[in-house]
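Note that the chains take the letters A, B, C and D in the order they are written out, and that residue 1 is the start of every chain.
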Amino acid sequence: MEKRIYTIAANTPVAPAVYRLELTSDGVPGLRAGQFVEVAVPGKYLRRPLSVSLSEPGRLTLLYKVVGGGTAALAAMEPGAELELLTGLGNGFDIEACREKALLIGGGIGVAPLPQLCRDLRAAGKQVWAILGFNTASELILRDELEALGATVHVATMDGSAGIRGLVTDALRQVRPDFDYYYVCGPMPMMRALYPLLPEAGEFSLEERMGCGTGLCFGCTIATIDGPKRICHDGPVFKKNMLPW
Amino acid sequence: MEKRIYTIAANTPVAPAVYRLELTSDGVPGLRAGQFVEVAVPGKYLRRPLSVSLSEPGRLTLLYKVVGGGTAALAAMEPGAELELLTGLGNGFDIEACREKALLIGGGIGVAPLPQLCRDLRAAGKQVWAILGFNTASELILRDELEALGATVHVATMDGSAGIRGLVTDALRQVRPDFDYYYVCGPMPMMRALYPLLPEAGEFSLEERMGCGTGLCFGCTIATIDGPKRICHDGPVFKKNMLPW
Amino acid sequence: MVKDTSVTLGGIRLKNPVIPASGTFGFGFEMAESYDLNRLGAIVLKGTTLEPRFGNPTPRIAECPGGLLNAVGLQNPGIDALVSDIAPRVRNLCDTPLIANISGFSVDEYGICCEKADACDSIDIVEVNISCPNVHQGGMTFGTDPAAAAAVTRRARQATRKPLFIKLTPNVSDIVPIAKACEEEGADGLTLINTLPGMRIDIRRRKPVLANRTGGFSGPALFPIAVRFVNQAAAACRIPIIGCGGVSAAEDVIEMMMAGATAVQVGSANLRDPLACPTIIDALPALMEQLNIDKLEDIIGII
Amino acid sequence: MVKDTSVTLGGIRLKNPVIPASGTFGFGFEMAESYDLNRLGAIVLKGTTLEPRFGNPTPRIAECPGGLLNAVGLQNPGIDALVSDIAPRVRNLCDTPLIANISGFSVDEYGICCEKADACDSIDIVEVNISCPNVHQGGMTFGTDPAAAAAVTRRARQATRKPLFIKLTPNVSDIVPIAKACEEEGADGLTLINTLPGMRIDIRRRKPVLANRTGGFSGPALFPIAVRFVNQAAAACRIPIIGCGGVSAAEDVIEMMMAGATAVQVGSANLRDPLACPTIIDALPALMEQLNIDKLEDIIGII
């Protein structure tokens, strides 16, 4: 955990109510895929947890959806403004667990952590497939970015306006991708629907309302095979076999 | 009462811990001398009352001293930032009450409203003398401004580092100014000390911790000859004969 | 679609549920120059006692994170001035229902004030504030003891046929027995909550900020506490509840009503922004649209 | 001049009065990588019960103006794990005094937990939290009834010779009889306050935000209320008081101590800023200089 001031380099809409926030901070090291940060938002008491979307030394990109007051306040901020972040939170994805072929599955704003994950997997020499699910074509984000990072991308939309019509579960059945390990990130109902369809070797990035994001408050507890765990501290990424779903 | 957004044109230190805040807002009319505004300060629940120091259509100058969290937050604000103000609060000074010769007495940051008062008196053709009291020469502000506005200015400092050594009461005894009406503004102990030394024809601008500044909360009540009055609503300026001191 | 924001309080129809709270809206007419008072659902007048009171010495106000302390101490010109002068003057400015807010230091004082309010044509609803110190019972307040709350309600009920609301204090371990005692004695409704006792110290001067040492805490920070009290009382009682405590935005009105309130009072928000009430009222229809609410009354106590 | 920030709590010297509060500092060792735990005045461990508890379903946290609601529901691995595993592990990381925080659902449970804590060398002080529901007395809490508070204190006193602090709830009309009851039964000190019950509703989903419906409100907004409780208890009792509720800055430490606290606990501030405690501690000497305080103990209860 590190507390650090970042400067907003850009804060731009990329889809309806979705923004890409580019931050800079001298000397900050790169953050791991699947880790998250806690952003101090003007006017809110608690910080807001957001996933590392892309990170390199000195730079950090977040991708967020405006869903309430905190994210709305964030969307109103201008380049040049400063933000205080807690960084280096959470365990991150297990890149080593994948032997050769990785499948990434993301739904909605849950796609946010996939770019860094894809980059790290590619850097480790793995092949990457991705299935991205959205409600409709206008919400579609990150396809081009993931392709540029070397992934083969399939898209599913509920209304069929882009890619396969249906849910990521439908896309999974249809595409029948070849992979030895998978990484899932998205809304809980999506993850629960995917759970029985997927083999043992893979992991899920979970979300829960957080008080602290640093393991102090026990606000984000889930039941695992191994007893109660704090999503922020022991997760957010859990292996499938840890989840008693 | 009017609620209005102003833009900070300048926010510059003019003495230790004292700042001149220049604000602009298109179409705003001039405000009266002795009136005040209530400034919404970032991070504080209640607004902060500050006197109109100089005002003309579209422009407003405030002069404030950093004494706590709210004024410190104000001092940290940069030109270009916006502030929400309630304006047109309070009764203001009675310019007509002066026949020919006005004496202005201000102490410490209590000198803030004197520039506008001096300008209005001069515009109405009156002669203006001012006695300004400070602890020490480094705190001395507004002498040049008031002289430029046409006042004859005497200064008193506690340590004698500028002007007469002593309090404004000492200066008053020493200078023996000729006036038919006076206006006093400053810390309560100064006003209470001046009260017995001054004739009937004059007025005092009072201060009290305020909840609203708009007459709603009865937080700022004082006892007057005429019963309890709200400083924000019925003042802040009271004729000497209203004060049962 | 046109949104119906009206609600009924003690048989009286309000065009919307937004009511400035007692003690935070001057005498009632100060804002008439800034906006049309007819826009308000109702108006609660300044807290009134039998005798005129100067109130506490100043400072009476202390700023806090998320709100303020006040120790105004019931400054008011007395019930006779309220019924003969103030209420008629506000009535002249608008048709909005007027609520008198009565405080007392004995059961009898409450009774006499309610009788005088009852006789005043300009007053539509009587709100009895039982959160003030009861000098006869050792510094306790009527609002913290079910028997004392019942006694005041009984006497007030005898004194007036106007709709009678009892305003309760949050300074209790359990609101239910107190709320029920008031209902059983014939109250037409409850207002909750009043302020929570608090204290601030000026660490430079080494003295309490307030001349009165302690004061009542109010403002947005009170909101979750008020929602909880409203929800508990609404579950226990059948009479309507006016939710009060920290309401500052249209969202807060909806939340209070979902918790069980029929209307809301807006207090401290008026101090920070004198246009708070009309701003909230203006924001209601669009928010109702967003939330799929056609009629505000439909959401009362739905959770 | 060198500033003396040390204070004495139940005969134990703390190098400064800043103590992370129970439930807001993980198990106690999470922050050891971020800063040296020896910098803290003391550490309160996570609230512990006789049996392990999973706690409440999620969501357990709701943001509010000036603070948050939590309904963690005393998630903990049970007293046996505390004394055999957790406390020794924290003790291995630092010499800072460790305070066990005990909750129970019956007088006996409190007693047994205190006995086990008493037998644990790693624990220096026992803090008994009597703000949790007492299932045996109809949902009331021990902390709202002087007789129940006395009963728990008596049993805990029999169970341990370590300094015994009783942590009280603000959910009462009058703290004095409860504080005195604890003092009379032999408590070495009091901690006040715990959280205030509150509720938030998700107006879009038309459901309470918390799975548990209600939760405890904490954070800066609680501060003036906590200062008032501390001041009232300090005036009524001779035993030392740990002030808790909203403390977020060095100024708040000074204000709590002037109100009568011997030390302070920092709760929610850790959640917003995990470095809150060392930041506050670092700011103390310069602030003392500004305020002309040489020895922090000199200001306890000076107003």
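Throughout what follows, a contact is a pair of C-beta atoms (placed from the backbone, for glycine too) under 8 Å apart; a residue touches a chain by one contact, two chains touch by 3 or more.
What you see is a predicted model, and the numbers here were worked out from it, not measured in a lab.
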item: Neighbouring chains shared between chain C and chain D, ordered by label; value: none
item: Graph distance between chain A and chain D, where chains that touch are linked; value: 1
item: Furthest chain, CA centroid comparison against chain C; value: A
item: Geometric centre distance via CA averages, chain B-chain A, whole Å; value: 56
item: Inter-chain centre distance, chain B versus chain C - centres from mean C-alpha coordinates, in Å; value: 36
item: Separation of mean Cα positions, chain C and chain A [Å, integer]; value: 47
item: Junction residues of chain C, two or more chains touched; value: 62, 64-67, 220
item: Junction residues of chain A - those touching two or more other chains; value: none
item: Graph class of chain-chain contacts, one of line, ring, star, complete, other; value: line
item: Interchain contacts (touch definition) - all pairs; value: A-D, B-C, C-D
item: Chain A residues touching chain D - in the complex, by the definition given at the top; value: 1, 3, 40, 44-47, 70, 86, 208-212, 214-223, 228, 233
item: Complex interface listing, chain D residues touching chain C; value: 62, 64-67, 69, 140-141, 144, 171-174, 196-201, 203-204, 206-208, 214, 217, 220-225, 227-228, 231, 246, 251, 254-255, 258-259, 291, 299, 302-303
item: Chain C to chain B touching residues, read off their complex; value: 23-26, 30-31, 33-34, 46, 54-55, 58-68, 70, 72, 75, 209, 219-220, 268, 270-275
